[in-house]
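What follows is a pair of complexes built around chain A, which joins chain B in one and chain C in the other.
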Partner chain A sequence: MKPMPKSLYLAAGAYTVSLGTGRPEFNPRKPRPGLEHYIQEAGQASLAQISDPNLIDEGVIGNFMAARFNKQGHLGSLMTIAHPALEGKPMIRVEGACASGGLALATGIKSVLSGLAESVLVMGVEVQNTVKAIYGADILAGAGWYAGERKQGGTYFFPEKFSQRAGAFGAKFGEEKTRGAMAAWYATAVENARLNPLAQEHHNAVKDLMAQGLTPPDGRSFCEHLNLFHCSKVSDGGAAIIVCSKEGYKRLGLKRDDVVKIVGYGHAAANLTVPPPDLTELTTSRKASGLARKMAGISKDDYGVIEVHDCFSITGMLSLEALELVAPGESVELVIAGENKRNGRFPTNTGGGLVGYGHPTGATGVRMAVDLWKQLTGRAGDYQIPLKKEHGIMISMGGNDKTVVSLVVRK
Partner chain B sequence: MDLNTRLQNVAVIGSAGKMGSGISLLLALELAYRALENKDRTYLLNLIDVHDAALQGLIRYLREQATKDAEKQVSRLRRIYADREDLVENGEMVQEFVHEVLLHVRTGKSLALAKDSTLVFEAAFEKEDLKIGLYQELAALCPPEMFILTNTSSIPLHVLAEAAGISGRIIGYHFYNPPAVQKLLEIITPEVCDPDLQHLAAELAQVLGKQVVPSHDIAGFIGNGHFMRDGLHGLREVERLAQEHGFVKAVYLVDKVSRDWLLRPMGIFQLIDYVGVDVFQLILRVMEKYLQDGLHSPLIDRYLELGVKGGQTSSGAQKDGFLKYDKGRIVGVYDHEHREYVALDEAWIKATDELLGPHPEPKLSWKSLQRDPELDQKLRGFFQKCKESSSPGIELAKAHFLASRETSLRLVQDGVANSAEDVNKVLTLGFFHLYGPVNDYL
Partner chain C sequence: MKPMPKSLYLAAGAYTVSLGTGRPEFNPRKPRPGLEHYIQEAGQASLAQISDPNLIDEGVIGNFMAARFNKQGHLGSLMTIAHPALEGKPMIRVEGACASGGLALATGIKSVLSGLAESVLVMGVEVQNTVKAIYGADILAGAGWYAGERKQGGTYFFPEKFSQRAGAFGAKFGEEKTRGAMAAWYATAVENARLNPLAQEHHNAVKDLMAQGLTPPDGRSFCEHLNLFHCSKVSDGGAAIIVCSKEGYKRLGLKRDDVVKIVGYGHAAANLTVPPPDLTELTTSRKASGLARKMAGISKDDYGVIEVHDCFSITGMLSLEALELVAPGESVELVIAGENKRNGRFPTNTGGGLVGYGHPTGATGVRMAVDLWKQLTGRAGDYQIPLKKEHGIMISMGGNDKTVVSLVVRK
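Presenting the complex of A and B:
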């Protein structure tokens, strides 16, 4: 594995509130902000942190399904509404299901590595509350193989896919323990979200989160092995961050303390038409995060902060195993012991993650990079953790572990 | 003829009204599912009413409600449409199902639409001669095996049956509003009733997911037998209190106590407004005609003379009656002497509430007790407190409580209900009361 051919950095991160049923300002009967609002709010919050927005060379925006949720295509062009300085610059929209944000980062990285750009504004956006959940399930099912899987799939297509993983994991490693760990994952996610004012679960005041997380799944109304607390909520949101070279961040008027260095990245895609080789493992996530770690030249013990794609609590646990923090099946003990908490050995999803912050699909990968950047530069506010190690890693995953982008960054 | 065969050609008379539209919806959904599961049969639902505009509104209502129902039943639809390769997404199946529902529906103003129907639901206006005329026409028009299920809520069935010459072929099928949501179904079996019809009525109730309470063929049956007398009690209390506090305050106080102190979902006058002051009068008159029990209120007659009717708009919003409403909230009380609504402001409400004395602690409400696992215990404690203390509010509440119990026991004694338990069931299921009137709380 070759090292990163050039020094790259992440700078000036920002994201919006994750709007959905968990937020007090959410009213299903009233009009809500659209794509434009989130692009402008996140983009402007990022650009406000640099000396001159005219220094942005390019833009990339990750988005999954605006064409269906919002009947809007052509997001590369729409992205220019973030700032007049973007007018006439190269702007591109990328898509890789829920890894669209991760792909936007990868695209920004390649632009800077190519030497054609010094600073790239990387964004992600998704506005999903435009349709009822059963129709949203249809749209999100596009992350699977439509021709081969949708007809046989469940009403809630993706929850069912991950319910099958939770079922297989429970059968292999113990159902009761697995359910306990999934409940603990939910509890930790909400506890973290309570410290993040932008999180959808920020105002969640439920006293006994474990009891709620242990609600028995109901296969007739939802899924056999997942309850609603195991799921990330339908979310609207946007995120933005700048990928830049060393010269780039200096010209933007930033100091080394303001930025984090991208030291490794891995990107892997698996055949969409083939079922996962092992339901109890995220094979592609393991591969991509392994590539990122090798490029960074560090060991799996070097992470001070971790961001994983917990679209469902079980996915969060499988991701910790994909990172090789523990052996297969042992994420159960890790989570039950609270080692994924903000003060644990592996502080994970400190701003709430997908279960706690929310999952505006196309924005999620970028939001993860922003959270790593916030923690490593000391900008995480109430959810800032005391860093024990100087590296952070993220896994941005699309579909049923089919497209994965992983980034390793250093303080 | 079995139920499935009869359901192949059904008619609803008065289908666009408040009750008729709900009954039509229930049947339209049931027929659509049957059509999907019995592909070799055809199903037809004839929806008959007197206004074209109302029938168009009914189609719109059916489309909206069928969509909502389908959205809740997507998993079932995914199984039903498993062999339809052209239907892949939830949204496609919902649309297809709504199409299926409307496919079996035929609307029109002519009764002739029902000529092949062997099952007729009648939800026409609550007037004897109107219903009798309809039944006579149907008897002449329809196949001899045709059965009528009437939604009458007050008229004795034997009277209708004998006058129309259809004895044995009619049964009372009294849905509660809104029929598609309410679980209660009061079935009134007249003395002469074909056993096949009795059997069919029970089977259909089960298919539609209803909880049946049997009632005897005595005017008003159980539901209105209680409600009319409950309303008259409230009206008598108003006349009494009005002497001391004036009419407006009296209406407000009796309504408030019957809601907040008896822990009911609505006060008695809000409920009369909901049903309609005109409907309330109509039912009183029907019941009085057959029972001669002093079921009459000069106040109700006066209101209708003044054109104060209550009821709902076509979109379901509450119209003003005894009380004035703003988005469902009570904001005024009608003053029949001055023929205007008196607006309720905070200071007025506070001062008037003080006339009742303090509400027993802890402050329970109908809403707060919904799905409370300790409901019985909390109600017991609440009424025990009422028993042990006295205030104008408590005395009003006690009197209303006891009158409601007495009415209920009389319904059993008079042979309207089989048991006190059945009366309790009607009040809890049909009127959403937290407790049945026959209890040992007080």
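Presenting the complex of A and C:
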């Protein structure tokens, strides 16, 4: 594996509130901000951190399903509303289900590596609360093979898919322990979210989070092996960050302390029409994060901060195994021992992750990069952790482990 | 403008039939092939031309609205069904309305320029005949600003937008002459399609095409300044081509005669929420194609073959002006004199274009690149033209001139 062919950096990150149930400002019966609002809020918060927005050469925006949630395509062109300086420049929307944000980062990386751009504004956006959850679940099922597996799926297609993973994992490694670890994952996510004012679960004041997480799943109204607390949130939100060269960040008026270096990158896709080879493993996530780690030339013990795609609690646990932090099945002990907490050996999803912060699908991968950037540049505010190691890694995953982008960054 | 930073080529092009009204095999009441079929047919036809599909490093697929036409997202992952060799590799879907195919080419170009890939399979696909035209028109309106201008638009949103352009153009440069030129555009498109066995209008045997083109528009049931003959078709189809480096095409077992060189590239986006600055001009198309021409270091008289985005006859005419072949307004004389025909000074849309071949939206930009490749490598069969000049140019346009990718290629 060759190293990154050119020095690349992440700069000027920002994301919005994750709006949805749980946020005090959320009222399902009142009009709410649209795509336009989140593009502008996140984009402007990023561009406000640089000397001159005219220095942005290109834009890329990750979005999954605005076509159905908002009847809106063509988001590259819409993205220009973030700032007049974007007018006339190359803009593109990319999509890979819930990995759309990760793909936006990958696209920004390639633009800078290509030599055609020095600084690329990378955004992600999703506004999902336009429909009821039950319709939303069908929309999100477009991340799976709609003409094929969708027909066999239940009402809640993706919860069902990951419930099957939780069931298989429990059968192999112990059902009770697995449920305990999933409950602990939820509790940690909310604890982290309480420190992040933008998180959807920020105001969650429940005392016994473990009891919620341990509530027996109701297979009749929802899923067999997951309850609602194990799910990521239905969210509206946006995120933005700048991918740039060394020359790029200097031109933007930034210092090395303001940016993090992208030292590893991995991207892998698997066949959407074929079931996962092993329900208890995220093989594509393992592949992509392995590629990123090898490009970075580091060991799996070198991560000071981690962002994984916990669309469900079980997915978070499987992601830690895909990162090879522990052997298959051992994420249970890791999470029960709290090693994934802010003060643990593997601080993971420190801003709340998908379960705690929320999951505005197309924005999520970009939000992850922003959280790594925040932690490694000391900008995470109340949820800042004392860094023990200088690298961070993220896994942006789409569908049932079908598209994965992983980045390794360094302080 | 710097030249292309690295030698890039287009290789192994292929596209499918454009299926829809007009094709004898099209029956609106019977089940028809889905996205999967077109991905496999186009992808396999491309990969069959190279020594070993395992040498493909990455894949990119352009698609506009599978989310609504087919309820399917995540097409990067779906694209792996084209060949087992794609499994595990980086795959991405890109979207920019009807410029999605152009953006797929741009993404392939950047991947090869980045040094991360030597050969990228670039595809485009759309399957639109899943809904009635009137619903389809609303889906396609997602290429405009849905939360804004859509609300003012009529039943047929985009036909109405370009009808307004036709009206403004006629008012400025002469209504009758403009209608004559639009009719001639249609007639030429069908004449070209008759030579292309994959074209939707291939079997069109109407004798007096000009009479059809001159049929007065019916503003009550359709648009004020356009009739149905001036529209591109509602189509299902796919296209594929390989973007590669010099090392790339050699590894694929190809010779210089089998490929065309990409010598110019331009990409520009305009604000989706703002009306066009001038209804009689395609300012973004002008900008992007100017960038491509300058990167190629050639003059506007150097094109031996041209592909423009004639989503409507008037758009084709405006595109020739955006290419600066003639001054504003003069496309009328150009088209009436037949200079855009196969044997004219500016052979344009030789395989039928969007009006004659058809317009499977996400595939169209890639299909254009394939047609340029076919003409410049002598593979266009019955519609092969004798080349007078060695360069080709294409304009892939999205929405109302809001996203444009232009490529200049050389024999």
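The working rule: the second predicted complex is superposed on the first by the 411 of 411 C-alpha atoms of A that agree within 3 Å, B and C clash if a C-alpha of one lies under 4 Å from a C-alpha of the other, contacts with A are read in each partner's own complex, and residues count from 1 in each chain.
Everything that follows uses one rule, which is that contacts are C-beta pairs under 8 Å (C-beta built on N, C-alpha and C of every residue); 3 or more make two chains touch, one makes a residue touch a chain.
Note that the coordinates shown come from a computational prediction; the quantities given were computed from them, not determined experimentally.
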*Once chain A from each complex is brought into register, does chain C clash with chain B or fit beside it?*
fit
*Touching A:64 in the superposition: chain B (first), chain C (second), both, neither?*
second
*asked:* Contact-wise, after the overlay, does A:110 reach chain B, chain C, both or neither (first, second, both, neither)?
replied: second
*Calculate the angle at chain A, using C-alpha centres, between the directions toward chain B and chain C; round to the nearest 10 degrees.*
100
*Classify the contacts of A:134 with the two partner chains as first (chain B alone), second (chain C alone), both, or neither.*
first
*What is the contact status of A:12 with respect to chain B (first) and chain C (second): first, second, both, or neither?*
neither
_Partner touching more residues of chain A, whether chain B or chain C_ = C
*First (chain B), second (chain C), both or neither touched by A:182*: neither
*In Å, how small is the closest CA gap from chain B to chain C once the two complexes are overlaid?*
9
*On chain A, the residue positions that both chain B and chain C contact, one per complex*: 138, 141, 146, 150
*Where on chain B is chain A touching in the complex?*
71, 74-75, 78, 85, 88-91, 94
*Can you list the chain A residues touching chain B in their complex?*
132, 134-135, 137-138, 141, 146, 150-151, 154-155, 220
*In the complex of these two chains, what residues of chain C are touching chain A?*
5, 34-36, 59, 64-65, 67-68, 70-81, 86-97, 103, 106-107, 109-111, 113-116, 138, 141-147, 150, 267-273, 284, 287, 398-399, 402-403
